[in-house]
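One chain, subunit A, appears in both complexes that follow, with subunit B as partner in the first and subunit C in the second.
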Partner chain A sequence: MDAPTTLASPPESRGLRWAIDAVRVFAPFAAALLVGAIILWATGRNAIETYRLLAHYSLGDWSAITNTLADATPLMLTGLATAFAFRAGVFNVGVEGSLYLGAFAAAWVGFTFVHVTSIPLIAAALALAAVAGALVALIPALLKVLWSVDEVVTTLMFNFVVIGVTSYLVNGPYLSIGTANSMSPLVANQAELPSLSPPSQMTAGILIAAGTALAFWFVYARTTIGYELRTVGANRRFATASGISFGRAILVAMVVSGLIGGLAGGIQILGVNHRFIDHFSPGYGFTGIAVALLGRNTALGCVLAAIFFGALANGGSTVQLFTNIPLELISVLQGTVMIFAVIQLGRARGGRG
Partner chain B sequence: MNFATTMSSAVELSTPLVLAALGGLINFRGGIVNIGLEGEMLAGAFVAVLVSWKTGDPWLATLAAAGAGGLVAVPFTLVITRLRANEIIVGLGLNVLVAGLIGYLLPVVFNVYGALNPENLRSLPHVRIPLVADVPVLGTIVSNKTPLTYIALVSIPLVGWALRRTTWGVRLRAAGENPEAARAAGIRPLLWRDVSSGVAGIFAGAAGAQLSIGIVSLFTVGMTAGRGFIALAAFFFGAARPWPTAAAAFLFGLVDAIQVRLPGSALPPQIVDTLPYIAVIVALTALGIVRTRRGGRAGMV
Partner chain C sequence: MAVVFGLVSPDEGTIELAGEAIQPNGPHDALARGVGMVQQRFQLLEGLTALENLVLGREPARGPLLDQQAALRRAEELASSLRIRMPWQRPVRLLSVGQRQRLEILRLLYRDASLLILDEPTTVLAPHEVEDLFTVLRRLREQGRTVIFISHKLREVQAIADRVTVMRSGRIVETLDARALDIGRVAELMVGDPRFASLAIDARPADEAAVGGAESGRAGGESLLRLEDVRVRGLVGDVALAGIELEIAPGEIFGVAGVEGNGQRELVETIVGLRRPDSGRVTIAGCNVTRASVRARRAAGLAFISEDRDGEGVNLDGSIRDSLIALRFRRSPLSRFSVLRFAQIRRFVRSLMERFGVRGAGESATVRSLSGGNVQRTVLARELEGAPRVVVAAHPTRGVDVRGIAFVHEQLRAIRDGDGAVLLISEELDELLALSDRLVVLYEGRIVGALSRADFGDRARIGRLIAGAETA
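This part shows the complex of A and B:
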């Protein structure tokens, strides 16, 4: 598989490119809503009413909005993590693994150093979470740089390895005494991220996610390394010819991607779960791929796409409570978005992500 | 732990892995890495229970399961070949979509959550092989399995032969290895890629039937439990050749069988579960090292 070659694609008029971009962003939404509507109608449900309820319960009032933002927080980070690698042409589908190890690392700091005061404890937990996430991404990155081992398969497989290892950790050495389920002890009270709008679970984590988005934008738009990553992502041969180290770019892209993925896990633990629970993630890392694709690998795009998926998750669970429409409908929409976000419209551009 | 019964259980448990891995292998040779095997398998498992329940015919149910897998493969492959979508993302999306659709239908249409367990569900018969069945040990291991086990076994050499010796197989491989050359030779590469996806879907669907009306007789939403990814691991580990792929699939099934029978063994079960995935990473790395040393282009994909 070759890296996307957008730089080499023929020039198009500004208007046409804008139109193609608009179609690219809205086609997945439209396709998902259409598929969802067909399924709802085929099973005797009112699609328009369902979508109206989804919108109402996810964005209708302040409490709905805060819950949507709470659900969007991990997705924003996993989306940014994925996009950071994708933009450099590195196909990291292992953010779920980074998230898991990061989550465990944060929980471990939180329940081990219980006498440390709040700010240093939270900072240490999140820092270790990020490092743990980066470690997960480092191995496939090294394999790719040293021996050209394709990162798609290795990062995908590492997800399952890390999920298994963390599952072992909370079923064996770190199993909380006196709980029936496989979970770690609770983190110390002062390690919990404060809610910004109680009783919602919208914590200070959303601010960290927003800050990460800002940093993402800054790195890619304003720094030399960001330029190098973009160039490698757009055209590897051109990048190498202009003296950019391919290996260094891959390592940086993967490690930063892993850092953000680990941070996502840490924030979810300190903000929402307050302990590590076996198999706790409903696929935040995989949904992050959809977020990155829908957000076209840009910082702002990821933030907006994460809010969209957060709204679906939050609205969907409320709709399930009040109507007889199962939450799984949201998975249908999400899967369809993923599929249609990667179709290539217009002329062939050779992109792969 | 009894050797014969453990091996017997390994044969049963590896049957869906062998079937799905062979499907994935065909798809891979046709030029597509199929991450959607998991979803195709789940669709097969669901439809098998549904059809066996409604018709009382487990054979028809198995055919329907294979058909369902093939049907799920149609949008999967068309989006990839005709709309040039990334195969990895489409596969991951397909898995989410299929699991979501089945999870939605269970309560809405069948009024149950998470599992479909109809009364008197007819599962696949276990076939007693005359003469072999009476041989000690071997009889226990080989005889008294579902027809799908024997179909899987026969499929191993058949797939190899079909890919190597038949016109269809050659065209399919040409489409996968060098689409431009294939087109120049008058072969329609996209069509053959679609065919390889369809065949993979049929295999994965049949694998699903083995899970839901072969090994047990019920459907649960978590039934495939990552087996589609283990099948993927098997054909990567087997370098996309039928016998090594099937051997890897059998090995993974054997590990599963030992684990079921030997709780509290030396390795914790959660770690044992990661072995297929570690095996693939190790295999791909070894391949990469060898290719780098030879100075060739590395990476299988």
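This part shows the complex of A and C:
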């Protein structure tokens, strides 16, 4: 799997390294499909036919593709948000919290400033969503930098605090009058993100997600702050001894991670739900962790992984309408992909020869 | 050696042990055949006691429980056969390096190893501990066991070995009788280049070493590095540094001798900016940097060669490029408006690798794929390319081969000759005596002796200072 590090001269040619990277990226998918096939056969189903249907309903025609991309949009953003922090060695598992506060912030702008025209309103809503998301990440970041409080604990717990706060907001002060469920009023019509291909829910949000991925790549591959972040992520002691500030890197990584997480929430509200609904997320932030892991914390990897999960979600829910294949099997596939992804991550580390 | 111990499988060829061809299938198998190895990084569990580490994997049991008495009896038996004392009930993390090493050796005996391989065992030891180790090794020999002692240090080899085999790049160059060993000849064989024979520091008496460095400490200029009454408390509230005063002038290599653990790491961290002193003042090139960041100190002209090369000196799993640009990436020409410029970076990295002779892999390969000597060249390249004013060099030649040592020394001398200041921390007395213009001895966080080149001849006194037996 990995290039043997004991070779006198490791693979130098760009082509070869690309090929190795490509194998590394696609191997978990292939392995997961294989295991899934075995399970299908074991339960007396035709695996090839199932996969054909799954592929058909997720990527088979334009409408399937747009629905897959619509499902992939929030995952792409939460995946990128998680990966941005992971790459710098900060285990921010609080993207779900950023997503919730960002979502509420966007909804609030959308239903409060109803007389503002479309573009400024959307821009303001998404900007406030991103800031709200960043705020959620800022507190654990400061706790870590100032007092070395473990961020896994604080970010995870903060999710519940934030979700609880938003829940209170739509059950109390911002409860929409005349609705049975706890939800905010609808955002103004002009605040809704336009669908790129009606009737699908693939909105301009997918373009924002793609742009975010591009920016992610640029920052990590081409900028000095990206170099600082990945150096801190790879070897904190080396970074510190070289004069790179650990605290600054942590703050930047967490805040940007939160920004993207908040943006994910805002886009989901303006694009799909059009109002804030209590507990609206089926765990986009947590699936984002899976997306980041599977995508090896790279921009392209996250995009592909998000589309894969989007395809499973979209194809899976359609397949179950027409066949006797339960949705649970799709979850099995998702889980299997994750296991193989993690196996690849913990690749053997050879010593020097 | 990794082949014999079963860590690596040979591509071809056979290994014979006591006349029988073997093919060790992992360390477990090798141990079952009586082959044991003490690796450079100890394989002990820090949280368990010495006794538990000894019997781990082959515990004498009473029912499901560890039979403490039987284990202790056997442990004492083994220790007394080598006349070693071991605090058996103490957790390994509280043991000294020398004790850990002896524990590793006892572990091999516990498993009935008859062939012991020791990989660079003395690099982690203080000078007096080396003597203890040699005593243990001699007793092992008396017990009829075979010891393979791997070392870069010729004087040690001469002191302990019966036969010496010189290896270079995976080949056996020659096997010699140790009794009539000509150290210069061995050094020559090791590097394969007669010009380096005289640079093998262990082979050279100290007083001959005063080549070129005779004009000790071209003082006169403003001092480049000054520490005033620097005090640091250790982790457990003990005193790590107790009022250090030192001053290094331009054009001076300033040696710090002493057994590791007497405040060296704290001294280095305080100067580099990885630790704030509890009181005192650090000045680099006239700037008070006591509270300044690492980055500010580096801007003032500080370079740092870490003793933990793999952990702190480089980014082992990053590219060679990433480790080389760490001090330069913020500035033009390597970046502009915070965007890295790869054409410029490539040019910069290639010229550094060329200038400092980093070989064995391309700039995009991981640092991990380089040999230890080339990793150290990578560190030197990054730290020394910009003509730093003050160089903190902590054990810069540890684990480096003879040719690499000569290169490191050459680079440090070049800094001095360029009117820089070098703080050289080392446990190799020969190295310190060969390079330093002045020398202090650190013992329990204090400077217990300050010597100039005129005093360098009295090795016995320096030894007493290091051992804490005399204060100047």
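The definition used in the following text is that the second predicted complex is superposed on the first by the 294 of 353 C-alpha atoms of A that agree within 3 Å, B and C clash if a C-alpha of one lies under 4 Å from a C-alpha of the other, contacts with A are read in each partner's own complex, and residues count from 1 in each chain.
Simple rule for what comes next: a residue touches a chain if its C-beta (ideal position, glycine included) is under 8 Å from a C-beta of that chain, and two chains touch if they have at least 3 such contacts.
All figures in this text were calculated on a predicted structure; none of them were measured in a lab.
Engineer: If we overlay the two complexes on their shared chain A, which of subunit B and subunit C does A:Tyr57 touch? Say first, second, both or neither.
Structural biologist: The answer is neither, since A:Tyr57 touches no partner chain.
Engineer: Which partner chains sit in contact with A:Tyr174 here, subunit B, subunit C, both or neither? Use first/second/both/neither.
Structural biologist: Neither: A:Tyr174 stays clear of subunit B and subunit C.
Engineer: On the A-aligned overlay, A:Phe280 touches which partner chain: subunit B = first, subunit C = second, or both, or neither?
Structural biologist: So A:Phe280 meets neither subunit B nor subunit C here.
Engineer: Who does A:Ile39 touch here: subunit B (first), subunit C (second), both, or neither?
Structural biologist: In the superposition, A:Ile39 contacts subunit B only.
Engineer: Between subunit B (first) and subunit C (second), which does A:Ser242 come into contact with in this model arrangement: first, second, both, or neither?
Structural biologist: A:Ser242: touches subunit C, not subunit B.
Engineer: For A:Phe91, select first, second, both or neither according to whether it touches subunit B, subunit C, the two together, or no partner.
Structural biologist: first
Engineer: So, A:Val152: does it touch subunit B (first), subunit C (second), both, or neither?
Structural biologist: In the superposed model, A:Val152 contacts subunit B only, not subunit C.
Engineer: May I ask you to decide whether A:Trp108 touches subunit B, subunit C, both, or neither, giving the answer as first, second, both or neither?
Structural biologist: The answer is neither, since A:Trp108 touches no partner chain.
Engineer: According to the contact criterion defined above, which of subunit B and subunit C contacts more residues of subunit A?
Structural biologist: B
Engineer: Check subunit A for residues that touch subunit B in one structure and subunit C in the other, and list them.
Structural biologist: Common to the two interfaces on subunit A: residues 352-353.
Engineer: Residues of subunit B touching subunit A in their complex?
Structural biologist: Counting only subunit B, the residues touching subunit A are 33, 35, 75, 79, 83-86, 88-90, 92-109, 226, 229, 232-233, 236, 268, 270-271, 273-274, 277-278, 280-281, 284-285, 287-289, 291-292, 297-301.
Engineer: Which of the residues in subunit C end up touching subunit A in this complex?
Structural biologist: Residues in contact with subunit A: 8, 272, 274, 293-295, 297-298, 304, 306, 308, 311-318, 322-323, 325-327, 329-330, 335, 338-340, 360-362, 364-366, 368-372.
Engineer: Which subunit A residues qualify as touching subunit C in the complex?
Structural biologist: Going by the criterion above, the answer is residues 5, 7-10, 12, 17, 222-227, 230-231, 234-235, 237-245, 352-353.
Engineer: Along subunit A, where are the residues that touch subunit B in the complex?
Structural biologist: Listed in rising order, the residues are 1, 39, 43, 45, 91, 93, 143, 146-150, 152-154, 156-158, 160-161, 164-165, 167-168, 171-172, 283, 286, 289-290, 293, 324-326, 328-345, 348, 352-353.
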